[in-house]
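Have a look at the structure below before the remarks.
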Amino acid sequence: MRISYGQASDWVRAFAGAVADNKEYLTELDAAIGDADHGINMNRGMQAVLTKIDAGAQPDVGALLKTVGMTLVSTVGGAGGPLYGTLFLQMGTSAAGKAELSGEDWAAALAAGVTGVQNRGKAELGDKTMIDTLVPAVDALREALGEGAGLGDALARSAAAAETGMKATIPLVARKGRASYLGQRSANHQDPGATSSWLLIRAAAQTFAGSGAGHDAQ
Amino acid sequence: MKKLINDPADVVKEALQGVAAAHADRVRVLTEPNVVVRADAPVQGKVGLVSGGGSGHEPMHGGFVGMGMLDAACPGEVFTSPTPDQMLAATKAVDGGAGVLHIVKNYTGDVLNFEMAADLASSEGVEVQAVVINDDVAVQDSLYTAGRRGVGATVLAEKICGAAAEQRRSLAEVADLCRRVNANGRSMGMALTSCTVPAAGKPTFELGASEVEIGIGIHGEPGRERRELAPVHDIVSMLATPIVEDLPYNSGDSVLAFVNSMGGTPLIELYIVYNELNKFLSGRGITITRNLIGPYITSLEMQGCSITLLKLDDELTALWDAPVNTPGLRWGV
Amino acid sequence: MKKLINDPADVVKEALQGVAAAHADRVRVLTEPNVVVRADAPVQGKVGLVSGGGSGHEPMHGGFVGMGMLDAACPGEVFTSPTPDQMLAATKAVDGGAGVLHIVKNYTGDVLNFEMAADLASSEGVEVQAVVINDDVAVQDSLYTAGRRGVGATVLAEKICGAAAEQRRSLAEVADLCRRVNANGRSMGMALTSCTVPAAGKPTFELGASEVEIGIGIHGEPGRERRELAPVHDIVSMLATPIVEDLPYNSGDSVLAFVNSMGGTPLIELYIVYNELNKFLSGRGITITRNLIGPYITSLEMQGCSITLLKLDDELTALWDAPVNTPGLRWGV
Amino acid sequence: MRISYGQASDWVRAFAGAVADNKEYLTELDAAIGDADHGINMNRGMQAVLTKIDAGAQPDVGALLKTVGMTLVSTVGGAGGPLYGTLFLQMGTSAAGKAELSGEDWAAALAAGVTGVQNRGKAELGDKTMIDTLVPAVDALREALGEGAGLGDALARSAAAAETGMKATIPLVARKGRASYLGQRSANHQDPGATSSWLLIRAAAQTFAGSGAGHDAQ
């Protein structure tokens, strides 16, 4: 029930894989209400991350997450770069020096990351951004852990909340990011950033469930 | 997708190699990270001007690097804001001891990346100010949204601030001037066709054979409104009316009129647009005293145009007229 | 057809009104018949330079009127050679007593109309010489055909002869120089898309989603060959090989490389073309010492490009570098 | 069996009508091997001619034809303008001062016009130009008149020869004008100028046949 360095890096790889698999899909979502680059950008960044983490192990989980963040900041660009970069950088700061993470450590790191995204991007819940996925994901995770759920269960509930949050962006009129330029025309489209964030949260549930952090391994 | 490219992944890299080969007299192109720098940078004692943004808007910004305009430009991937390390490298390369101004178009990505870069530069002891350009009246402004996009006024701000920096005005003065250009500039654009991001491989949106998008930005994003094609007389009125009513521009005002091609609209049509705009403004007692007509802030091969007005006074006019020597804009030298 | 126009019949007229409104500092626009004349014409003692051709190639020719380049341009209907009365009016308007040079692109229409105009002007006592530009290597040359088309070298000839005329060289000298530019210049073009003549209302030809035309001219006419889209590396080789082999351009030569957009191809692609061309020429020991990159001789909104090479010597280089102040080309002033 | 001023001007009007009716067709032929403007150009010119001749009668047939030629030269442009302009100008010179034309006068005028076109454009028979219509038309006209045919018959034979000449341009590879740039690709297309010239010759047969110059009116 702890997240090892290997599991953390598997999660990053799983996210990279999900982004690669959904590159066209994310770009199409972005074409509808943005500029048709979200999948391309995230994939470029996550491929750079893979190259980076394949090149050699980092000292600890915190350092790993920081490296991911730094790499995303310097390869993604657009809004996604600084926002996902900040997410990982803040997670890395929260997890600094840790060789492995407990469920609580993980929740604290993710919360720190999401707060970082909010500080940087100033988006509120309901603005039709990745925040609409991430905040419910953190809230559900903490609630589950607070109720004594195992990490596997908690991650599953977090992923479910993330998915609900992502889908809830569909009817919204965007108030932040490029989609906000469309005004009413941004409604009836799922937000690309909310979608990539769901891939991120889902990857955590899948990766950590399938290993020592799985829901039976309390 | 039909484009004069090799691999979509190499578009920006190879275009920059072309720029480096073509304009070595005026610019240097740094790689890893990509920055276009004035050949003689840093100019000692001069405020350094840095801008940047996604590629696909050429000549903006790389084509505006040179004497009298930008000291450096950071080209991102196509339609994707560049990254803070590019901006940091640019900022350090052009710091001549008088500080550096970041001219930032108001897009979340550009703003956030430039913010991170400014923090990094400050921590390395470079004095940085940033001015955000947000002149696009197609976007409803509000405290609760990302606000208006930065479009055509960016080109004018880069030219005018570049001239002021050449006069060795201080960072605070150049930044104030940049805010003044932004405050007095308004733009609106329209598209006849979409454009195709090379890496995406297909048009960002589809327009019917007689449809146009009004109120587009410069990233192939849909506009505020889709409507039937109309005579250019009406199109100009759709673009210019919200512009003049927004600032507002009043009878007796002198303006710079900037008629811009989105990339695929040829000059013959731009001159027809200019003719209509001139009549439109004359009818309201507004006089065009300077103009700029051509593809200067583009959206790949998109067909369409944008109109930018800048209210002029003697100082802005003199700074506009001052010599400039860049691949994209040149006069007086 | 989606264009920023009012009535297809008024395209040329309204574009000229736009030019007149925009560039009154440098040109006057005469009507009935249509002529764009340098504002200070006739310049006493200077050879007058007149060119002209169909509209739709902007900025050529009207955008090249001004100090250091043309004295007058005659714009015909879109893709249609102008008429002798336009050329006669232009010739008389720019005759400063040193004679007038007609720079004529080799199209039957242009040649015949300029011939008639020269006859008329001579009969009114104006000394006229004509030089026909025929630089397009896509066309097989023969005594029994109309010969090669005049394309990109026209722009270079207008600039270089304009500089020579400013130096008050004689009509014979300027005409010789024009022939020298033509003799040392070669071009070839290609299209990714067709274009639509406004009065025709639909594309002149249809290209499949992955087809290109190689060896096109500047009037939307089909080229020599239709083929599958290829990487720009290969396209540049298809255009540049026949060019360098024709003159030929040899190792050790210095050239001006002119990479031209057909109107709808944006600058980012042109720089990639330039990068490939630079590599292609370096590989053959040919050095680019001057360049021109942009939409200068266009075919309405056609996507595609053309490459023109001009073998340079010191004199041609100096004339190329001499000041020019036109709406379409400006430096040194 | 003489062509009056009114009939000559009816011929010009009939040609203008035929050009207007075939504007798109001529332009399409020109799109295939040229620059898609032949119909547009000729129509602009012939409309200007109508305006001109409607404005007031000319002194005689020669003056009428010269006026048509001058108007075409200054309104058509392209290759068509000087070539058709020259045709009418030379016809006008040949018919100078004549209030009406005999069949021989008409044949002489047309021959002069066609010679003018050849002098100006340097095209030979078989170059795939309007010459391929006009030269057979003149030859057939002269031959018919030489054989003593009535003007109506002679004009009909002339029009038939013109049509044959026009159609004969289809397989040809162009050696003059814009179509020559296409090389082999110009084959298998009918030449636009040869087509407009056939309209001109056919208009003569139709106009003069339907009036005093008709084939029964010997």
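As written, the chain order gives the labels A, B, C and D, with residue 1 at the start of each chain.
Here is the rule we go by: a contact is a pair of C-beta atoms (placed from the backbone, for glycine too) under 8 Å apart; a residue touches a chain by one contact, two chains touch by 3 or more.
A quick note: this is a predicted structure, and the numbers were derived from the prediction, not measured.
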Most widely separated chain from chain C, with each centre as the mean of CA atoms: A
Chain centre separation in whole Å, for chain C relative to chain A (CA means): 55
Rounded Å distance, chain A centre to chain D centre (Cα mean): 76
Distance between chain centroids, defined by C-alpha means - chain C, chain D (Å): 33
For chain C, residues contacting two or more additional chains: 78
Shared interface positions of chain A, touching two or more other chains: none
Pairwise touch network: line, ring, star, complete, or other: line
In the complex with chain C, residue positions of chain D that touch it: 27, 31-37, 40-41, 44, 73-83, 120-121, 174-178, 180-183, 185
Chain D-touching residues of chain C, taken from the complex the two chains share: 33, 54, 76-85, 107-109, 112-113, 115-116, 136, 138-140, 142, 144-146, 149, 197, 199-200, 204-205, 217, 219-222, 224
Of chain B, residues touching chain C in the complex: 2-7, 11, 14-19, 21-22, 55-56, 58-59, 63, 78, 192-193, 209-210, 212, 229, 231-233, 235, 263-276, 278, 288, 291, 293, 295, 298, 300-301, 303-305, 327, 330-333
